[in-house]
Each structure stands twice: as structure tokens, then as C-alpha cells.
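Shown below is the structure under consideration.
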Amino acid sequence: MDVNEAQLISRCQQGDQEALKEIFNQYHQKLYRIAYGVVRHREEALDIVQEVFIKLFRSIHQFKGKSRFYTYLYRMTMNTAIDHTRKMKKVPPLSMDEEEGFQLSDDADKRPDRILDHKELEAKVKWAMDQLSPDQKAAFIFREIEGLSYQEIAEAVGSSIGTVMSRLHYGRKKVQELLKDYVERGR
Amino acid sequence: MKRECSSISRLLEKYFDQEVTPEERSLVEGHLPDCSACRMALETMQNLKILIKNPVEEAVEKETFPWVWEKIERGIRQEEKPGLWESLWSWLDMISLRKKKILIPAVAAVVILILITAPLIYEKMSSYPVLSVVEYVESDTYNVMIYEREAPQVTVIWLFEGPEEEPLTS
Amino acid sequence: MRRKASFSVILILLLSPFLGGVAFAQVQVRVRVMEASNVGSGFDSSLRDLHDQLGSLFSFSSYRLLKDETVSLPLNHPVSLPIPPERSLELTFINQHRVTAEIRVKITRGGRDLLTTMVRLAPGRSVSIGGPNPKRGEGTIITALSRP
């Protein structure tokens, strides 16, 4: 942690909202990336980012500097995003006709764009990711989306590198299997 | 070849994640030219990464985060207000016993009065007009104007193609 | 301790009329899509309640109803329905305060966001979303959201 960041954290711990705003300016995009990676929905991801910074301001006095600040933030974001997913209990559709989480009116199947489009693929990706356990999902998203090293992931999730590698391996295997049509299509 | 492949395949993920030691890297890179199965496994991992990551990157790139900081500030302000219970109990603890003997029956009388009039108050408050119906509006495609009046109660969000366009108002 | 408990019970009884109105698991929203134009004249009878409102703001001579649907919005579950022309309307019930429901409204076309807004709807109150202005001889679409 550099001196500037340490000073920001200290000011924030004393209730300085301007310090929180500077932290927000530095990190909001990264946290949005993680949140969006989990929920795949713009407004929900924005809500999560909002919630994280409000929680951060409330609980930053608990941050003692034992881990890197960004891994502390990433863990908070991941936990908030996963909690949010549990509350929403969405079940993204396998096909538009079998949706549970989204309710369509009767003439939806008359839409001309029933071929695989961006939204449907996104829904399937999210569904596949939702089949992972929270630990596997966290490791997978931290690695594939945020590009954290095994060491950084271990710090963010509070586990050993070996555990992270195992979760990543089984998470990847599961998602690959669920999305094999799309993954193979990429060839 | 098969034996080597089984030991190399265990390193493939580490290699893909760039977490291998120099020696492990040499082993994998020495094996790949002769093994289509391992090359295909790497390609699958890459395709999966693109599938997972690209939509997220697109979303982050085009996101402008409107009003997010303002909502965070508002959320913090709302959290800073003391809860009703905390305020009530701290007030009750502070007042003297003699005052409590007077105050508590008085409060009980007020409570009973409110209990009787609460349904009437609630009904009246439910009919109060909403001061602002539209909390926020965002559009990257159009310019937007909000028309809001109280009599008659009307709220309209109107989209415009460009700034020079005039609204068709009466 | 006993005094605190009995005080709590009295307050709960006192607040019970209010508690009933605080949080609903879902809310109903009526979605009416109409074509407003200066071709012809007339106001669809199903839009009578909006007549004063729209008439006070706009000078269209004709309002023709294209779609009238009431949807149930469970809390935090988006509900999508197609609206003309080739758009999709997504409604999400976010929060309830007394009788007012906060609803997020998103209109998209071909996967592209056209508009996102958060509105507060109380029973009997409506919000209309319309535009852009029609070209000569054409109509424009107005979508009215209200709580029945």
C-alpha cells in the first residue's frame, strides 16, 4: 500500500467522505467489473457498487492493513455480489420459452430475432456461472475477469493457493462443460 | 508420449494462467508442438475466457456511472441518522425516575389516542401527492425532457432526437 | 426488561396499521401503449383517464390504443414485454414506501438501451414515456404506466 492510499484510508476511517470519494474514483470501475461479472446486469451491478462503498465507509475501521487494500475491497464486492444473487434468485433462461426469472408477454416468441443474440448468450453465461459454488465463482471471476494472480486471489478469498487452484480447476471444468457449444463454436 | 501428456496436462492451467516456473514453462512449450489435444485444451480455455470476459469489458467501457456517487452519499446520510429505537432508549435512560412516573402514563395516553386516530392519519397520508415521480432518467440515444404538473397530475418523459427539436406541446 | 417488553408490544400495536402498508411482495402495473398523431381525431375510450393529462400537454388530435396489459411485478424480478415499434420494456419493482412503489423502467431496441428511468408510482398516478416527435403524417408512441 502506498503512502497516499494509507492516508486516504486513515482519513476515511475518521469519517472523511472526501477520502471515500477519492477511493471511489480509483476503484469504482474495477469493482463494477467484478460485480458485473457476477450478476451480468447493469443496474444490479451499479447497485452493488453503491452498496459496497456505503458498507466500506461503515466498516473501514475494521481494515487493519493485514492484507492489501484492493483485495479487501474485492472480497467485499464479491461477497456483496453473491449475496445479491442469492436475494434475486434469478434463473436465467435456457430458452426464451422456458424462462422463470423473466416474464414475457404472449407475442415474445413472434420476435424476429429468435436466433442466438447477445442477450441470450449473456443469460446462458450467467446461468452457467450460477451453477458454481460461491467459492468457485469467486476464484473464477477474480482470475478470468480481473486477472488476479493465484496469490492475490488467495488473499482476496482468505484461502491457500492450493485451494484457489482447485476451485479454479473445478469451476473452469464445470463452466466449460455447461457452455461447451459456445466454447467450441469459438474455434 | 501419453505419459508425458498426462503430466503436462496438469500444468496446462497453470501455464494458461501464467503461474508456471521457468522450468515448467519449458516443459509445456516443448510438449505443445507435438500434442494437438493439449493445444486444443489451451484453445478451449482461451475461448472460455473470451466468452466470460469480453461482455464484461464492453459493459465497463461504455458505463458512465451516472449518479452513483450521489446515491452513495445519500445512502451514507441515511445510515448516519440514529435509529428510532436507539434514540428512544437513550432518551428513556437519561430521564429521572420521578419524570418517568409522570411521563410514562402521559406517553401511554398519547399512544392510545394515536391508536384510535392512526387509521385516519394513514389514509390521509396515503393520498398526499408524490412530490417527485421521476427519480432519474438516463439515455445515451436521445435527449430527454421531463414534464411534471400537479393539476392535472401528469408526468411525461419525452425523448428527442436532437437538441434543436422542439417539443410538440400545447 | 419487562417494562421495555411491554412498551415494545404497545408500540407494535400502535404501528400495526402502518406496518401493513410498508412492504408488498409484488405490485401491479398497467401498461398502455398508444399511438399519438395528428392524423385523424379521437381518443380511445380506454385512455379516458389520461385525456386531461395528455391533452393538457400535447396537441395531438388522435390517441389510438395499441396495447393494454397489466403485469405483476415481484420484488426485484425484472418483467419484460415487447412494445411497438420493435422495442422491449423491462420493469423491475425495486422498493415500496407506504403506497408508493419505486419501479425501474428500461426501454431497449435490438439489445441497445434507449432509456432507463426510476419512477415512483402511487395508485391512481401515471407516468408516460413518449417520443421522439413524429415525422409528418406519422404517429409517435407513448407508453403509459399506472397503478390500478
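By written order: A, B and C. Residues from 1 in each chain.
Assume a residue touches a chain if its C-beta (ideal position, glycine included) is under 8 Å from a C-beta of that chain, and two chains touch if they have at least 3 such contacts.
Since this is a predicted model, take the numbers as computed values, not measurements.
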Of A-C and B-C, whichever chain pair has more C-beta contact pairs: B-C
Identity of the most central chain, Cα criterion: B
For chain A paired with chain B, centre-to-centre distance based on mean C-alpha positions, whole Å: 12
Whole-Å gap separating chain A and chain C, where each centre is the average of the chain's CA atoms: 31
Approximate Å spacing (C-alpha centroids) for the pair chain B, chain C: 22
Per-residue overlap in chain C, given as positions that touch at least 2 other chains: 113, 116
Multi-partner residues of chain B (each touching 2 or more other chains): none
Residue list for chain A, restricted to those that touch at least two other chains: 42, 118
Contact set on chain C toward chain B in their complex: 4, 10-11, 13-14, 17-18, 21, 52-60, 98-100, 102, 112-122, 125-133
Complex contacts: residues of chain A adjacent to chain C: 42-43, 87-88, 90, 101-105, 107-108, 111, 113, 117-119
Chain B residues touching chain C - in the complex, by the definition given at the top: 89, 108, 111, 114-115, 118-119, 122, 125-126, 130, 132-142, 144, 147, 149, 152-161, 165-170
Chain A partner contacts - residues on chain C that touch it in the complex: 69, 71, 76-82, 92, 104, 106, 110-111, 113, 116
Residue ranges of chain A touching chain B (in the complex, touch as defined): 17, 20-21, 24, 28-29, 32-33, 36-37, 40, 42, 45-46, 49-51, 53-54, 57-58, 118, 121-122, 125, 129, 140, 143-145, 149-150, 165, 168-169, 172, 175-176, 179, 182-184, 186-187
